[in-house]
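A, B, C and D label the chains in the order they appear, each numbered from 1.
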Amino acid sequence: MNAPLRGVVPPLAVPLKNQEIDVPSLERNLNRMIEAGIHGIFVLGSTGEVAFSTAQRRGEVLEHTMRIVNGRIPVIAGVIDTETSRVIEHIRQAESYGVDGVVATAPFYALQGMAEVERHFRLLHEATDLPIWAYDIPVCVHTKLPPQLLVQLGKEGVLAGVKDSSGDDVSFRFLVRMNEEAGHPLQLLTGHEVVVDGAYLSGADGSVPGLGNVDPHGYVRQWDAYQRGDWEAVRAEQDRLADLMTIVMVHGVQGFGAGVGAFKTALMLMGEFESNEMPEPVQALTGENVEWVRKVLLKTGMLN
Amino acid sequence: MNAPLRGVVPPLAVPLKNQEIDVPSLERNLNRMIEAGIHGIFVLGSTGEVAFSTAQRRGEVLEHTMRIVNGRIPVIAGVIDTETSRVIEHIRQAESYGVDGVVATAPFYALQGMAEVERHFRLLHEATDLPIWAYDIPVCVHTKLPPQLLVQLGKEGVLAGVKDSSGDDVSFRFLVRMNEEAGHPLQLLTGHEVVVDGAYLSGADGSVPGLGNVDPHGYVRQWDAYQRGDWEAVRAEQDRLADLMTIVMVHGVQGFGAGVGAFKTALMLMGEFESNEMPEPVQALTGENVEWVRKVLLKTGMLN
Amino acid sequence: MNAPLRGVVPPLAVPLKNQEIDVPSLERNLNRMIEAGIHGIFVLGSTGEVAFSTAQRRGEVLEHTMRIVNGRIPVIAGVIDTETSRVIEHIRQAESYGVDGVVATAPFYALQGMAEVERHFRLLHEATDLPIWAYDIPVCVHTKLPPQLLVQLGKEGVLAGVKDSSGDDVSFRFLVRMNEEAGHPLQLLTGHEVVVDGAYLSGADGSVPGLGNVDPHGYVRQWDAYQRGDWEAVRAEQDRLADLMTIVMVHGVQGFGAGVGAFKTALMLMGEFESNEMPEPVQALTGENVEWVRKVLLKTGMLN
Amino acid sequence: MNAPLRGVVPPLAVPLKNQEIDVPSLERNLNRMIEAGIHGIFVLGSTGEVAFSTAQRRGEVLEHTMRIVNGRIPVIAGVIDTETSRVIEHIRQAESYGVDGVVATAPFYALQGMAEVERHFRLLHEATDLPIWAYDIPVCVHTKLPPQLLVQLGKEGVLAGVKDSSGDDVSFRFLVRMNEEAGHPLQLLTGHEVVVDGAYLSGADGSVPGLGNVDPHGYVRQWDAYQRGDWEAVRAEQDRLADLMTIVMVHGVQGFGAGVGAFKTALMLMGEFESNEMPEPVQALTGENVEWVRKVLLKTGMLN
């Protein structure tokens, strides 16, 4: 990555067929997203089923993505795993496919303090020349990355940026302000697709919207409006995207199964994915939940 | 309240002297806030030491506030307590002082489900003709109020509004959208002084900034900019207020002692409060923490 | 209290009729418990609806209890409230009824650190000559009291004992060991009625079983077996009481409504209480949940 | 495993030297534990650094352990990872080394509901003939396994047992009672080394004490006392072991670094391990923390 990563960088959702990657669907939708004008793609994130992916599956995702993207946009790859040594293995793999950057969370499963978190990121940086994005996602790893630590690591060149999925917009504002005061060493992306407008107003450099798999055009239009300072257009687009996001308000299913499950179901109903299959042990949405997604798509103009 | 409550409605901080209300300081700063143009005042909130206040203290706060305000702006009062019957006692007291509305949280201490939370608000409404604001503050009461329930209670006239201190900007956006679709029955105020701009962009009807005790002019200027659609001014004001909010980043003190402690210390340094005394068992900020507050005030132009 | 409080000290459940205390039922069951041999009674605890009780209701509970008990066993009273000044008001009230000790939690609602918790207990001790029991109940107050602090306050005479409802048996074992090493300044009671045997094996001085309202004889038999070192009898009694405790495994109701709701329902079915009415906004168990309680009572020999 | 696994089954701690396994130390201490009379060994648990171990490291641990144990006691292996497909890979690896059983947690990182947890264990069972132990460790995976589900899976032959590190002794008692009523399909082991006596009183079939790496003889003596019904000996041994466990009460280090860090430090001071090195990014205990461990070892007679 010669230039900093800015703009709309969706986390790639992975279509499945009998628990294998459905490559034609992957290619179709990724091309649609690139043609819509997204500025980068983030593979093997939470949306991208990283937690469900063996080393082989990670390799397949990387291989197909690099081939399809073919240099049109930067590709950053999740190297998410429990502890440092395992994350470094994923970095090696990602390097071998020629990605433009990697995204790592704080360690998880084994309980630790902030000194270990800091050392973790430093060790990752020693292990690679690739730019590293810290992925702040306490709902998954149960550690909140403090703005002070992030900016310090940015100033030292350990981190290139942050993907903020912390759900803490107050902390994000402080992060932006501290980063600004430090000369903007970190590229700051928000992962909250429902309030990207507020993040842009806070000073975010871009967004990583899972919903961008479904409506990349909306997020690109919103970014363009932000670039020209048309805040009323930014918020109006966000209102529409927030309404679209209600596809995840399904019944009897929680978390990943509801969120990514709804994205895949929408893409199936829109004809981009062949099915809404989910990785085991998660089950695809069915019945009234599929109808709910369809209803929201119709209401928001994504389906006719 | 004949008209809906909109705009800047700070939660009143209470100056103390030997654990009694310092009335001259209270009067001085409340008048300063009103003259700055705030649109209402919220007494006996978390900032207003409601959890530390006996019935007598609650009465004193109400009496002094009503006398000083003297009808210039609406007054809404926290009636926060563990369960329904105790909250109704506080409502009776607040009614007796002629407040314009009351603010109640979900029940806390005894563990319950959402059916009890809903019934709680319905029973409060049966007990009073005053407009009721639901106070969504899971960090204190450990229950998040779901947008669907809030809008339903709004449509039925049980609730007049919501003070959102949930720290969940995604949920707040959904709340705004559902409220809009229902015809805007609820007045929606954000309690997060660091990201008021994002809340306005989301569609908030106003804000309840604790930091508004320190810099009411800033929040009023921000509101005015919002009213005329000048988003660059809204965000620039917010950036400055976010920088000012770093007064709370003190060492060795947490939560209420840090937050309200820093507000009171700032007001002392600015000459509005005589001291930064805190209610027992909380101790006032001292030493390097006071110097930190002073440093931030100087840097942000609140002190010369 | 001239002698230390040891043995079985149930938290008194309060029968209601049209939201008022059902005095004949209260008297009937309290006498049954005393005649069964309980060693003390704890009024206005979580089970005793303290969070639902106005000052007047607290007074009524204290008055009826002191009259009925009439010196036969020690009475300790919950003085639970959000912060120090309010707790001291409850201490004054409890003192006026002649109770033998008071039980206070860490402050709650306003977020604080451990320095404030420590100062809170010290201020309570300065305010009264009554022995004070710290009530460690993080599920309600969201602060875990550290064993080191508790033993320190015990050594200084600030605390007389601890009622442990922390759900943390590892911490409780450490507390017992530290207390032993310090010369046993604290009387340690467990609040977990399902594993009283393990707490006795750990070295607890007694128990505060909510289920003791339903089966006081069982807990007294268990205590007697403990006193004579008959551990097989202690565990066998506990197994039976654990089976009885499954009355709380009702459907669609959580927390207080399930737990105290099941106790009241059992007492109603056993003819001790006239109804299983709960304090607003909690609703009494009905239908299949009542049948579930009946089924467990039949299976465990509490009903024929 | 022809017979059910009962008794003392410590989770093997792994000595390191320059981030590689220190095989002589591993062999020395594992032989000491077997000679002390432990009834099985659990490799690649939380104590066994599973979260820090690449596939290669997992293989090394399995290979060395199987060679050293050489059939003297059963070996069960942690196959802990984020989701089903990755866990099945670890099962394949463990099978290839001839282990006697595997231990799996609920899925983690990706948020899910209980339906996915249940399906996860069913899929693991379909994938292997080895007995499967469910590892209930919410502090790491943030899901509590409900007793009802565990017993149901036991009755169906999906699970062979449970390693309970839930910290919830009430739930464990209910699990024991439900398992008993179902005919004891599950072997139930407690992971809480400080309250093993209470777990035995509750009806546990054995224990998995991390501290058993340091003092295997104590836990074996305790088990023998339990087998002959000498509860006073069981509790006295536990009191001593609880005092020994205070080695983990170090300063400035949390969680894994404090717990396993203290175990390794004790083994170093006792001459069993060559160093107390920890896996990156965790640092070994140093200075006053080492002295603290030494002081406790001296006080409890583990060092002279």
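Please note the rule applied: a contact is a pair of C-beta atoms (placed from the backbone, for glycine too) under 8 Å apart; a residue touches a chain by one contact, two chains touch by 3 or more.
Chain labels with UniProt names: A, B, C, D = Dihydrodipicolinate synthase family protein.
From a predicted model like this one, the values you see are computed outputs, not experimental measurements.
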Least step count from chain B to chain D, where 1 means the two chains touch: 2
Chain centre separation (chain C, chain D; CA means) in Å: 35
Chain C, residues touching no fewer than two other chains: none
Chains grouped in pairs wherever the two touch, ordered by label: A-B, A-D, B-C, C-D
Contact set on chain A toward chain B in their complex: 167-170, 173-174, 177, 192, 194-195, 197-199, 201-203, 229, 231-232, 234-235, 238-239, 242-243, 246
Partner chain C, residues of chain B touching it in the complex: 46, 49, 51-55, 57, 80, 82-86, 89, 107-113, 115-117, 119-120, 122-123, 139-142, 253-257, 279-283
